[in-house]
Amino acid sequence: MSTILYDNVSVSYGTNEKTALKNFNLQINSGEIISFIGSSGCGKSTALNVAAGLLTPTNGELVVDDLITRSPGIDRGVVFQNYSLFPWMSNLDNVLFALRQRYDLPNKTLQAKAADLLDRVGISGNFQKVYPSKISGGMQQRVAIARMFALDSPIFLMDEPFAAVDEITRKHLQSLLLDLWEKEENRKTIVMVTHNIEEAIYLSDRVVVLHEGEINSVVAIPFERHRNRREIENKSEYLMIKNHLLQAIEEKIVGGER
Amino acid sequence: MSTILYDNVSVSYGTNEKTALKNFNLQINSGEIISFIGSSGCGKSTALNVAAGLLTPTNGELVVDDLITRSPGIDRGVVFQNYSLFPWMSNLDNVLFALRQRYDLPNKTLQAKAADLLDRVGISGNFQKVYPSKISGGMQQRVAIARMFALDSPIFLMDEPFAAVDEITRKHLQSLLLDLWEKEENRKTIVMVTHNIEEAIYLSDRVVVLHEGEINSVVAIPFERHRNRREIENKSEYLMIKNHLLQAIEEKIVGGER
Amino acid sequence: AGKTATETEQDTSSKEEVSANTQEKALTPVNVGYLPSTGHSLYFIAEGEGYFEEAGLDVSFSLFSNSGEGINAVAAGQLDIGTFGTAAPLKFEEQGAEFVIFGGQMGEGAGIVAKPENAEGLKDPANFEGKKVATVSLATGDVVWRSAVHDAGLDLENDLEIVEMQSANDVIVAVNQGEVDAGVVWVPYVEKAKQEGLEIVAYTNEYMEDHVCGRIIANTDKFKEEPETYIAFMEAMIKAERFLADENNKKAVLADVVAFIDVDKEIIEKDLYDGYLVQSADPDKNAILAFREKMVEIGYLAEDKDVSGIIDIEVYKSALENLKAENPEDPFYQELEERYVEKNL
Amino acid sequence: MATNRFGWATGFIYPTPEAVISQFTQDGKELFHHLVSSVGLLASGYSLAVLFGISLGTLSAWYRRLGRIMNPASSVLAPIPPIILIPYAIALLPSFRASSIFIIFIGAFWPIFVATLNGVAGIDRRYMDSARTLGVSTFTLFRKIIFPAALSSIFTGLTIGMTLSFILLTSAEMIGANAGVGFYIKLATDFGNYTKVVTGIIFIGIFVTFVMILLRRLEKHFLRWQR
Amino acid sequence: MATNRFGWATGFIYPTPEAVISQFTQDGKELFHHLVSSVGLLASGYSLAVLFGISLGTLSAWYRRLGRIMNPASSVLAPIPPIILIPYAIALLPSFRASSIFIIFIGAFWPIFVATLNGVAGIDRRYMDSARTLGVSTFTLFRKIIFPAALSSIFTGLTIGMTLSFILLTSAEMIGANAGVGFYIKLATDFGNYTKVVTGIIFIGIFVTFVMILLRRLEKHFLRWQR
């Protein structure tokens, strides 16, 4: 059981500033995968940060598992838009740090677990031992993903988690995420922000299109799970959904300002 | 005339570390658009930073306009993978700062020019006056692009310039870049890093696929300029090129380590 | 150390006594504070010649560079005994610090310095009118000089400019730079000033004869509780004065002093034997009271009250009597007895 | 007066609040007169320290050669107690006032210098790279990039330097001065008048609080982009 | 003695290099003996300052309420010249040694406190957010996130605090001490022996240089992730 409910949430960053999120209502079920898409600056990160408990709504409430929640917790793992690794810890230590928060196991065991998690996202050998600043942007993002996996919380919140990696790696990471999700009996609830419509369709149960802080539309993705990328891309609904989403974003071009 | 020549360039970040760029040879012609693609950590940013003059090759030379070059210059505008706006200047001031480096014009004129540039990338109104930390990631990236436009150098170097924006905005920015490029008599030389193969094909004259610091293949894109997105996507070569590039990247999966 | 024959004899006899004592009773620990000055040489001689040990005391010395801090340490009971000038204790007494003055250490030893071309003209204190003078307030020399100027009929506030300095050293530099016309300094800076080409306008004893300087003070409670410790202490001090008085002991004295304040032996010799520095263990109550009056006159003290109550002259007297009983023939002690009567009663 | 082993025998160093208040009402005018004198001194010494501390700190972080001279130099020179420098100041500077200013200056200088140096040395190289690709001149680089980027650290130095300049007021005003709050306090200390000492300390403390609030406002204003 | 308007008139405050060298060879052993005594004092006072400065600085930045007390408190207390605190230290602390340690402590404390406070207050909130989503305990947060994130600023405080503790050595060692380099220098000052003063200063300067190099090594090691 890990549900998220946005109960009429509004967020404005300053008193003078535009409201970044307006009367946002969304019920996310346990074990569901939800994507937020929308034009740049429409409020996706804001919505995700509310779920993370990092932003307290100016109005309305965030309800996690039937409890009003205003702070972050170990029940919700987060990948930030800007990775946010701790630069003073090696990549391995970053992952280890998250593992220690979750498990009370001997150091050796956790170390091996951390190394394995990093291996899985393609950060291996010497790259595990160096500081985050010594690896490329895409590699840092993968370490951040490994760190979230390490925390193994029932809810995953991810802000453009695959934006900085090439298409091949992206696909690999997507599969990794789905594998992890499908394997578990108590499926994780996953909320992610993405710019990639194909990715949204492939991964999500529902895609939420945001526009200027409001929900423009919520599109349910009808394809059955264990999805096959090729297969669904050839389905007739696929293009329809894709075009629908594109249009929903497009409504006003470029950041909604012109 | 703004050519770039990588003359057998090698870069390694530390004495112990793997070579990030190996015997890299590439001649980029004046007015050409070149894309670097490849798996995460393969050396794309490294190659771009060498061109920018921010990294001095451990071996070999960078030659810009027939001159061996080891430092950055106003002849090469850069958009960084992490935007790198100055957080203590408002978005407008960031752009203004670049304009002042180029033009010796009255403040009013430059101010108007800066506002116009920001408008063009979709940052308008109050968003121009706030600090970069007060806008979303994608918006920051657009400010960085506007800043590069402001410098108006003969060479543009861009590291994943459109990675943090949604597809619609991305397409808009691509068109903006191409418009700018096509309009000028002395066409700019543009080198960009991207993860998006379609983007690479649409924009580039040649696509360079990197793999573990070496050039895997250089693919010339045969489509004539003034390209139309729909049109070229329907051409028979399009899919061939795309698959070829995908395969070239795919050769070893995920960061080349497994 | 070079000791005279008689001294050595006396030494051995008393040493035996001491060792007999120590078998029964350990030495009494005494904490003593001092300032880095040749004027405090009686301490150093008493220690160097073993007089404290003879008296059954285990003295540990602590150095201070600021009188106020030392007086506070005595009042707080961290020190049992200390010597921190005369003016400062009197001022602190007025402020409410508690201690007893029960002995003497030094007197005089300060002077006014100026550039040679100015020195002659300043011989008369009245001539300080309109001049700029550097001083360290509350130094003995400062008090004596101010009172001299005051006695000459000048208004200290308006008729001349007095500027404060942090140390005698700074005063010399200021005089030498011509920033001021004259300055008040004390040993060993009087010598230093001469070396730097300055001239002595006057020694302070020319303004005020036999004026006192460092007085020995004690923590009030301890003083009341264990008078015998303090008597023993003064015995050692008187012996030191006797030792110093004999010029034959010069070498030993210099060695004793140098062990504490590591300065040029020449300077020590000049200070101790050139006559402008008086070293005496006598409390000199009369001079203290006279000094206090001067401080009232120049405005350093508010109230002309009687401080006889905190000046003890009995401990010194007992100590002197004890010594005399041991050596009834010694003319030195007789001299001291006469001096005691003259200066305290 | 109660005597116990905690040293309350020295009761006179703990003036009662009433005594302090009455001292304050009595000396109020005099204290303000002293303050005016002190402020002039502080302003001169401190602003010199700000000027030299920031510029030398920046240059030492920037030009390795200068840094290689300044680093050992600062190790040897910084720990010299300003009091020991007084005779040299008197000898070399044209007036007592100049010497006093010098003492304030030297006290405030080192913290500002060290903090600036560390701040500049620690600037995120992404900003430097960014600036270099814009082809900025060295002067613009210092003014528009390095200075704001190191400003947070510089303010740490400014705060500590400010504190130190107040600490040194007592020493500085004992160089041939006859006014100033430091002079007032130091003289009272020498005279064992702790009611005055405490009054002076509280008086200058209130003033320092105002100055610090000002400094913090300034910091908040200049670093508003950080929040 | 040459006299000119540049103030070389007061020759005795400018010892010749030869005099200093010969003084050094003469007093070498003694100076090392003094150094041992000083190092003990410095180590005690400084380490107390590090302990309290860092922890109070962090807590004041973290808990607003404590900060609201500490900010004005520091404005009033920090500018009190340590020398004025000496009588209180003597009265309240059990021994002269303790008073000396206190003076060193108080001098080093404020810079470390201020720098830590500013450092912690200026931590990039992304790290804090990141840590909070990992559900870290307050203790872990301080140890693993806040401390390393503020470490660069803390080192600025440590450097300045170190300098100050050396500056205060002369004051601290004049509280009933009879050894120490500060004692050596102050005594020489009181006797106007500037050859000794300069010898002592250079000697302690060399020592400080070593300590500073050590501190810088430490800084480099702990902040190696920044480069």
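Per-chain residue numbering starts at 1, and chain names A, B, C, D and E are given in the order in which the chains are listed.
Criterion: a contact is a pair of C-beta atoms (placed from the backbone, for glycine too) under 8 Å apart; a residue touches a chain by one contact, two chains touch by 3 or more.
The structure presented is a predicted model; accordingly, all values stated were derived computationally and were not measured.
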item: Greatest separation from chain B - chain, by CA centre; value: C
item: B-D or C-E - the one linked by more C-beta pairs in contact; value: C-E
item: Chain centre separation in whole Å, for chain D relative to chain C (CA means); value: 38
item: Euclidean distance of C-alpha centroids - chain D vs chain E, Å; value: 15
item: For chain B paired with chain C, centre-to-centre distance based on mean C-alpha positions, whole Å; value: 84
item: Whole-Å gap separating chain A and chain D, where each centre is the average of the chain's CA atoms; value: 50
item: Chain B, residues touching no fewer than two other chains; value: 82
item: Multi-partner residues of chain C (at least 2 other chains); value: 66, 68, 72, 75-76, 78, 167, 169, 173, 176-177
item: Multi-partner residues of chain E (each touching 2 or more other chains); value: 7, 9-10, 13, 83, 87, 90-91, 189, 226
item: Full enumeration of touching chain pairs; value: A-B, A-E, B-D, C-D, C-E, D-E
item: In the complex, chain C residues that touch chain E; value: 33, 36-37, 61-66, 68-69, 72-73, 75-76, 78-79, 167-169, 172-173, 176-177, 188-189, 192, 195-197, 261-264, 267
item: Residues of chain B touching chain A in the complex; value: 13, 17-18, 37-41, 44-45, 81-82, 119, 121-127, 134-139, 142, 160, 163-170, 172, 195-197, 246, 249-250, 253-255, 257-258
item: Contacting residues of chain C [partner chain D, same complex]; value: 66-68, 71-72, 75-78, 88, 91-92, 94-98, 134, 137-138, 161-167, 169-170, 173-174, 176-177, 179-180, 219-221, 300
item: Residues on chain D engaged by chain C in the complex (per definition of touch); value: 1, 3, 5, 7, 9-13, 83, 86-87, 90-91, 95-96, 171, 174-178, 183, 186-187, 189-194
item: Sites on chain B touched by chain D in the complex; value: 52-54, 71-74, 76-78, 80, 82, 84-89, 97-98, 101, 131, 133, 151
